[in-house]
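Before anything else, here is the set of structures, which you'll find just below.
Both complexes shown next keep chain A, but they swap its partner, so chain B is in the first and chain C is in the second.
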Partner chain A sequence: MNNAVLSQRMQTQLRRRHAAEKRFRWYGAAALCFALAFLFVLLATIIFNGAGVFIHKRMLFEVAVSEHHGDRYGAMIKDSWKAQFPEVTNRRQRRELYGLISRDAEFLLREHLAGVSVPDNGIVVLSVPFSGDAGEFLETDPEKRDAFSERLSPEQRGWLERIEASGQVETVFNKDFFLNADSREPEIAGILGALIGSMLTMCVTFLFSFPIGVMAAIYLEEFAAKGRLFRFIEVNINNLAAVPSIVFGLLGLAVFIGLFGVPRSTPLVGGLVLGLMTLPTMIIATRAALQAVPSSLRYAALALGATPTQALLHQGLPAAMPGIFTGAIIGMAQALGETAPLLMIGMVAFVADIPDGFTSASTALPVQVFLWADSPERGFVEKTSAAILVLLAFLAVMNSAAIYLRRKFEIKW
Partner chain B sequence: MRNLLFPIKGALAFGFALVLLTGFGAGESLAERGRIHIVGSSTVFPFSAAVSEYFGKSTDFPTPLVESTGSGGGLKLFCAGVGEGHPDITNASRRIKSSEAKSCIENGVNEVTEVKIGFDGIVLANSKETPTINVSLRQIWLALAKEVPEGGEDGADLVPNPHKNWSDIDPSLPNVAIEVLGPPPTSGTRDAFVEIAMEGGCKSFDSIKAMKKSDKNAYRALCHTVREDGAWIDAGENDNLIVQKLLSNPGAFGVFGFSFLDQNHDRLHGSYVDGVEPSFENIASGDYPVSRSLFFYVKNAHVDNIPGLREYVGAFTDEDAWGEEGYLVDKGLIPLPDAEREATGKQARALKPMSF
Partner chain C sequence: MKGLAHPMPVTTTATTASEISSEREQVGAGANSSIISARNINVHYGEKPALVNVSVEIPRHQVTAMIGPSGCGKSTFLRCLNRMNDLIESCRVEGDIFLDGEDIHAPQVDVVTLRMRVGMVFQKPNPFPKSIYDNVAYGPRIHGMADSNSELDEIVLNSLERAGLLDEVRDRMHDSAMGLSGGQQQRLCIARAIAIAPEVILMDEPCSSLDPIASARVEDLIDELRQKYSIIVVTHSMQQAARISQKTAFFHLGELVEEGETERIFTAPKDTRTHAYITGRIG
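Moving on, here comes the complex of A and B:
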């Protein structure tokens, strides 16, 4: 009897414990689902907003190149454009008409004419982008175009529809976005300048922080006497890892620009500042990786007659390499997304040329996102999302490189 | 095992070499800066960048570098000295302060040309789903100040702002909760809004206006302090964010620059202030009360050393750029009146230094 009661109580208890077990697993799964849902919503919005950038409409524009205009390419564009709309007479209409094609058209024409000779009839065919609002109008489904009633005048919409019906509009892959640097005209603004700026900056960051970080970590872990000074340094490195990034920007402004005279707004100074910011992460990760190497390995090497340096370089460091790379990539990924320190050293800037070296003026991907997000022109909304996609892709490439390196080192050892 | 270590050693050596090079290489690249360097206000940034881009494409000079540092930050850099390491031009959404002029002179920046380029209106806008309102500056202050005279009576005791709905201030205003999204105190737009709109409304009370002479600090605190009970919301520096929030919350109002209203005029409309609509014409003519002037400052000592600086000033003050039908107008700049533009342009191109 007593036994039966006991066993029943045990049964209930057991059931309860199993239920608790199950519940706990569910909590974990729910947390994961939450995180995934947020990530999905975030990515979906960015892709939804930014996808429009990759395909855009251009106009196949027949420009009459005439002698009497000389090198006034803007006038040639305007005259050829106006010729298609004989009913346009007054000043206001002309302004509205010119506003439909990109202001870049005259520079495209100049570039085009520099490369080819003008045919006898004086007509060259040029593919030019539409201006922001006009391009968006043409990309919209004809039935939903009423939404543009206040952004474009009825006449402008009529002209655009006429051009569309005449077959002069082509839908092409937007290679301008990948080949141009920044511009104030949303239709020709591109990401290449910022992308190269980020690459150069990351190069400097890596070359600056990796050797110093790894050497510092090796010394601290393998050679330093573990005294009071050691603990003091250790605590400070951990604190440095938590210092807000803007502080490193101020430090960079004072030391690199003020003291050493490194030029402002360049990947060199940007990379040095971000490298400084990455150093603590790099040191902490490297030390953790070195600690994780079984000491038996080192003892075996020492027992076979290796010097401590040999034991480290031949056994400890190669074994720790995967961990070091992981730490390096976390630090670099953090640096890649920083804008705050760059503000102090002049990289939050409009740079219309693609940087060609470590000391040429440049900006970086997150800065480009920031600048576009802050622009009043509507066309920059989708550019912002597209720039975020490029930033994410860059990050993915960096991470894959790290995983590749990690695998490679792991297998060999 | 040896070849494994090779890349590590290589990277270490290369890194140290680079660190050393930084020290030596930097001096060299600094010796010759062929590019104009512009810093300053984020409000003027789009105009300055547009001129730079056009200037870079249409001339043989390299495209100037335009940094967005804010008016105060720009003037600080600008006044720090003369030489390759210091900027040539700074943009500002307000006039240079006497303290800044003093630091300029202390650092040997004695000759500076001031160029007024146009106006920027600050608007109070809401979604088109709700009707526009017509407010006076006094009503704006009564809606947003931290402390107001009791009952809105001149000379009454000051009480914490009791107004919950717009209609509490004046029955002609809608019966909806006061909710205004605006830029944080670090923004130049906020400074201008507080100084022009709030102070303008505040000093319409004679008793408060009298305070300006007797107790300037108390006057400033009263007129410039925005309420903190949730009716005013600091919505961040990004004006596009405010636009998005207004669309999802039609009862709210937003404070931002005219160019954002202009770009979104299919979805938002601006409130009439003192009976004047915030339109291009009204801001240009000076009828719309909440507007400010925009400037840039040129360092004259750099004109003969930095190639293209003189030409850049010329390109900015060209009718094609800042004129009534110029491309800067398409970007949202509100031009100066014709006569003033001609006079300012002439002085700017002659680089006539201002007197501090």
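Moving on, here comes the complex of A and C:
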């Protein structure tokens, strides 16, 4: 049929047009595959590196509680531990032996004894973590353990293998990681402190930037005279969204801490700084959402005698809500992953306690990742990846909450 | 009726005593037969004039049709009557509009009250994305017209009944209005407009996005509604104007070219431009 209608030249051109069409689609698909491949590699690496954290080795340890030690729990641990290795005599060996179990053991014992009464024979069974290197050694496949020759002495490796053969080593879910705050010892360092810190910070960020951002956007969109000043403010808000985040940290340091005396290193000041950073995103998104509401809706309300505020609150704002939430998600996700401004306001401090309020010293998930990645101990390498996984999971939870809200407010047109 | 107690407005165009008195006479006479009288209306969008010196009387309990080619200013004029043009920043309205003898631009006139008295139906059906019931109840609710839920129910049912929609929606009052057909949506918008008991209903091409059958239903409705309300319809369709209106005003390039009884306009137009338009030579 083509032959009858189209000239030779038109036919050639048509073939080319179809080919171009196909090519263009392939470019798109290729770009998508490329991006997905990177994402996959990234996630796979993190999961591969961090998965080890969630399951760890502990030792079921029989501790002899003796009267003459009083409350010197460390000595009880050491004595009971040493008793298992009669051949250990000199100081160097003792030190190497003690180095295999976590320093946390004595605190665990104290906590344990506070809860239960000591049986008559004076023996309590305690599950204690190994020290970083020892734990890693046990988690490694027996054939690949040669890699530890520099970190553990041949004697230490021998002791560990003996313990392992005696069936005292158990493999359990590492709940410590989720229940502890940061620590100098990698085997007991946990994410909970940073997680709570991030949650509190996000609360402050949301409570600060959402109402202010939405009100500012409403004023700009609905009430402000669209004059020179308006355009000046508009341009500045857009520029503010592109300001490097560390600048907001400096601002927070000068204004919130310097001027208002907000305590440093706290979720309160962190949330305020991140809130400032999120504000432009929030305003821009809210304005876009308000603009996207068909004006016929507002006119309908106004023509019925609604005041402009009523038209906005009853019709415009509810219809814009899904868009506003989308903007909030983007802003909050950005804030959650932000490290730089928090460094400026002291949230990078080492905090070994779980924060219990908006004004207690705390750190945040991305900062925790940063801190652990910076630590020399090998045990922190996998903790870093695990912390990233927790950060990503937090992000996923936050986003699903926002998506749920968006769905709830969505209007079926 | 609200606002009638206000003193007679002194218009800006009237400068001499005789003019003022003649003004009063006209307004006084208008109070009987016309519900709205517009005097020397000039509208500019920025620098661009949209209406030039338009004066027209809108009769009570009749349907007045505004016809004319696109961009002739008929919709602009309509929006002057409930001051919807206030919402357009660049728009400047000059001249006087009297609703029942009261200047709608007077400082003591509340635009909310004005829009209660002058309702509007738009070109594209624009129901709120809420239930059918809530759409109609919105106006009475914000104005506090009903003291009880049963009273509100009555207003809603009455309005739907008068808009000829009740039988179609009686058993799904709480479903979303977005599920109605285009014609039903437009009748819902009419029900919503009459729920606040206006005196005048402005309709801006109410049938232009409807199919012929839905259009015919809305036209019938307009004809019924004139018993209770004064209606102004902007329309592109001359046939529609001829079918439903008693008075017709023809606009061209921002000017009111000719107005008069519909039958006269369509059978014996005085102006050559009117003649050209109704015979399809311009527009």
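Keep in mind that, in the parts below, the second predicted complex is superposed on the first by the 404 of 413 C-alpha atoms of A that agree within 3 Å, B and C clash if a C-alpha of one lies under 4 Å from a C-alpha of the other, contacts with A are read in each partner's own complex, and residues count from 1 in each chain.
Basically, a contact is a pair of C-beta atoms (placed from the backbone, for glycine too) under 8 Å apart; a residue touches a chain by one contact, two chains touch by 3 or more.
Please read all numbers here as calculations on a predicted model, not as lab measurements.
Partners chain B and chain C fit side by side in the overlay (superposition on chain A). Which of chain B and chain C touches more residues of chain A is settled by the count: it is B. Of the two partner chains, both chain B and chain C are touched by A:H314. In the overlay built on the shared chain, the residue A:S296 is in contact with chain C alone; chain B does not reach it.
In the superposition on chain A, A:A306 makes contact with chain C only, while chain B stays out of contact range.
By the touch criterion defined above, A:Y404 reaches neither chain B nor chain C. By the touch criterion defined above, A:Y219 lies against neither chain B nor chain C after alignment on the C-alpha atoms of chain A. Of the two partner chains placed around the shared chain by superposition, neither chain B nor chain C is touched by A:F38.
Seen from the C-alpha centre of chain A, the directions to the centres of chain B and chain C diverge by 130°, a value given as a multiple of 10 for the model superposed on chain A. In the composite built from the two structures, the nearest CA pair linking chain B and chain C is 8 Å apart. Chain A residues in contact with chain B (one complex) as well as with chain C (other complex) are 314, 412. Remark: chain B residues 1, 4-5, 8, 11-12, 14-16, 18-19, 22-23, 25-27, 29-30, 33, 35, 37, 39, 42, 45-46, 48-50, 52-54, 56-58, 62-63, 65-69, 85, 237-240, 257, 259-260, 262-266, 325, 327, 330-332 touch chain A in the complex. Interface residues of chain A, counted against chain C in their complex, comprise 226, 294, 296-297, 299-307, 310, 314-315, 319, 411-413.
Of all residues in chain C, only 82, 84, 87, 89, 112-113, 115-116, 119-120, 122, 124, 126-129, 138-139, 142-143, 176, 178, 189, 192-193, 196 touch chain A in the complex they form.
Those residues of chain A lying in contact with chain B across their complex are 95, 99, 103, 107, 147-151, 183-185, 204, 207-208, 210-212, 214-215, 257, 260-265, 268, 272, 313-314, 317-318, 321, 343, 346, 348-353, 359, 361, 371, 373-378, 381, 409, 412.
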